[in-house]
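Each in structure tokens, the structures are laid out below.
Both complexes shown next keep subunit A, but they swap its partner, so subunit B is in the first and subunit C is in the second.
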Partner chain A sequence: MSAVLPFAFDYSVVSDHSGELLRGLLLTVEVAACGFALAAVLGLPLALAGRSRTPLLRVPATMWIALARGVPLLIVIFWLYYAAAQEGLFSLTAFVAGMLSLGLTGSGYMAEIYRSALSAVPTGQFESAAAIGLSRAQAFRVVILPQALRTAIPPAMNTFVMLLKGATLLSVIGLADMFYTAKLVAVNEFKPFELYTAAAVLVIAVTLVAALASGFAERRLSKGVRR
Partner chain B sequence: MSATTTSSLLELQQVTKQFGATTVLQPTDLQVRRGEVVCVIGPSGSGKSTLLRCVNFIAPPSTGTIVFDGAEYKPPTDHRWIPALGMAEEKRLTRLRAEIGMVFQQFNVFPHLTVRENVALGCRKTCGMSRREAADRALAELTKVGMAEKADAYPERLSGGQKQRVAIARALALDPKLMLFDEATSALDPELVNGILAIMRELADEGMTMMVVTHEMRFAMEVADRVIFMDRGCIVEEGTPEQFKTPRHERTQTFLRSINHG
Partner chain C sequence: MTTLYAALDFGPVWEMRSELLKGIGNMALIAVVSFALAIVGGLLLAGMRQSRSRPISWAGFLLIQFLRGIALYVLLLWMFFGLAAAGGFQFQPVPAGILALSLLNSAYLAEIFRAGYEAVPPGQKEAAMACGLPKRTWFFRIHLPQVTQITLPAMGNVFVDIIKDTSILSAIGVTELLRESQRWAQFYQLPFEFYTAAAVIYLAIVTLVTFGWRRLERRAGRHLETNATVRRSRSLLFGIGARSETATAP
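Let's look at the complex of A and B:
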């Protein structure tokens, strides 16, 4: 490796601090997973409200989605962590503020994913569900949603990866996550190249695992509809 | 009305359907007696399917009244601002749909459920059967349409004809009082058509009340008690198959000539 690179890559500095880095990584994955779970839960009612006939639901949902997708994550983080506390609204720990920021931002993306997945289910499915006397709620639960979720998995996994990468921003509010640890070690040991590369590799590794899990979930849910 | 309710299962009174500014169904009156088989023919876009969809309110009529089994149904009010206000009305229509079976041109089987689950679903959710009862009922219905050995397969493994058999079993599992067939054989390969028609014929022989939108003139002529010809959203002509051998209206004559030589 050192023969290829025009500079020395000091593995020892990474391996010496691997324990801290992995602990940080765990925190990063935790906060991203919690944020994603929040986004996935909020996204569905948002998508349904956005498709509703009544403007009382549709307009607020559309505005929420536009805001969630439009406001930069970094601003949401600062707003929830610093601005809200300064105004005495509420004060949150870095973890909770991070989870909420990721969840709120993600909810807009998840809502859009659910919305397009729901419209991808052919109208004939609604009609035949109605024709066997299912109520709208039943038809949605047992016929429409299971088919829509299958379509939603790959783009939902993209959102998770996006949130995972977004989670590295949380080091700015002092969450001792993987990137925060990497930065700390990099400064102390004066080895920024090694540490930031290690940080990137760790995130990519998690991304790959997530992609595998998504493929597995997709196959499980695609029972009977392999394409 | 009292005289007709006893004999007629279904009655349409001045039923219309508009999509935006287009009127797809002009004011239509129609009565269907219990046990009667009514075949609806006509060129595409003539409102045949819309007529059928109005009957079970899958496409609710814009105006008019539908009387089914003695109960009146009107177009639901559009509660645009607070849809929850329409719940009671919607519930009543849901119960109506459970009493009317429908078979679609595109089958519309549920791809994420096995054949058995497709048929059992309605029994469980609509008739309140237990999982076990529903599964047994489903198997019985599947046996009747010759699909019992595919009970555990997913629809993707089935041919069009097999999917349509499943769809028919799914509708029959609810013991419907009326069956609607919306071009049930139009999407099938020619060699599969007869199998489906045979099932429909058997159903008619058993005394099922049926409304059948079809292009199969031979079937209509042999099975129907009454044939209805529709064009441009109107019922142009109706009569027995015998009467349709010498149609009175010019539009009917043109249509029948075109499909016989088409």
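Let's look at the complex of A and C:
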């Protein structure tokens, strides 16, 4: 390998700290998963409120979505972690601040995904559900939502991957995740190339796994549909 | 609550407006250059993917997967600190940021271009050939306008993402909006005011760009719009004219 590369790649510094890196990676995935769960939970009512006929629900929901999609994640992180604490509003741990910022940013994206998935369900489904005597709530829960969720999975997984990549930013507020460890070791051992390469490989690996899981989940939820 | 309002002091934000404006200028420059380069890169990657040669197509696939999987922050530090330490190759902050942004987003654009290219119905090409149009005319006058019209909304999303992601370049010392806000937030000890101002500015820019992009989309899709007179007469005749726009949208 050293004949190919114009410089030496010191594997030992990576293997020496592999335990810490992997533990950090677990934390990265954990905070991203918590943020995604929050986004997925917030997104559905947001999407429904955005489709509502009363402006009392629609306007705030639209503004929330615009805010969540328009403000960069890094600013949300700084705002929740430094600005709010400085102003004495609340003071959060790095994990909670990270989870909240990922969740709030993701909620705008998830709301858009739910909205387009709901509008992709053919109107005939509503009509036939009404024709067989289901109430509006029943029709939504048993007929519309399962079909919408299936179309929502691939883009939702993209959002998860986006949040996972955004989670690497949480090292700036001192969340001791994988990238924080990589930065720390890179500085201490002065091996930035090795550590950042390892970090990149880990991030790519996790996103690939997420893509595979998405395909699996999509097949599971498409059981009812034969193509 | 009164203490909260008394504590808020946006005066320094206004005083530092020229610095923040400089940051906005840098952000705009970086975003536009990165977007232009990403379009070029995206076309290249999409071309590789479409290639008839197996190895080239596979290389394109791998490159796209690789670039879509990596986080911008990781790539930035890898390029800026990692490459410098390993190969003695030191980027300047702005070129490093532009390169990282355009590399990552070219992968997204490549997928968008490919999907748009395939979304044009094949009948369009057959009809053009049947009319005896030369291949070049088909591509530039028939195919490309339709591909543009299909891909523009997704391209707008990528552009907005690039604008938002320029904030991450503050990590390697690019003096864009967030970096300036951070600097003065620390100087004045007013993080709440400066970060709130930065958030508002970003939101305003993103909203403006989104509206501008909508206009562009409408312009690219103007061949699909029904003439106002026709629409009016149709609605008089059949009462369906109001639906014509949704009916013709692809």
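We adopt the following convention: the second predicted complex is superposed on the first by the 225 of 227 C-alpha atoms of A that agree within 3 Å, B and C clash if a C-alpha of one lies under 4 Å from a C-alpha of the other, contacts with A are read in each partner's own complex, and residues count from 1 in each chain.
Throughout what follows, a residue touches a chain if its C-beta (ideal position, glycine included) is under 8 Å from a C-beta of that chain, and two chains touch if they have at least 3 such contacts.
Quick caveat, the model's predicted, so the values are computed rather than measured.
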Partner chain(s) touched by A:143 [first = subunit B, second = subunit C, both, neither]: first
Touch count on subunit A, higher of subunit B and subunit C: C
First, second, both or neither for A:207, with subunit B first and subunit C second: second
Partner chain in contact with A:124 - subunit B first, subunit C second, else both or neither: first
Partner chain(s) touched by A:52 [first = subunit B, second = subunit C, both, neither]: first
First (subunit B), second (subunit C), both or neither touched by A:186: second
Which superposed partner A:132 touches (first subunit B, second subunit C, both, neither): first
Touching both subunit C and subunit B, counted on subunit A across the two superposed complexes: none
For the subunit A and subunit C complex, residues of the former touching the latter: 6-7, 9, 66-67, 69-76, 78-79, 82-84, 86-89, 161, 164-166, 168-169, 172, 179, 183, 186, 190-197, 199-200, 203-204, 207-208
Complex interface listing, subunit A residues touching subunit B: 52-56, 122, 124-125, 127-136, 138, 142-143, 146-147, 150, 221, 223-226
Footprint of subunit A on subunit C - complex, ascending: 4, 7-8, 65-66, 68-75, 77-78, 81-87, 160, 164-165, 167-168, 170-171, 178, 182, 185, 189-192, 195-196, 198-199, 202-203, 206-207
Subunit A contact footprint on subunit B (complex, rising order): 56, 58, 80-83, 90-91, 94-95, 97-102, 104, 106, 108-114, 121-122, 125-126, 154-156, 167, 170-171, 174
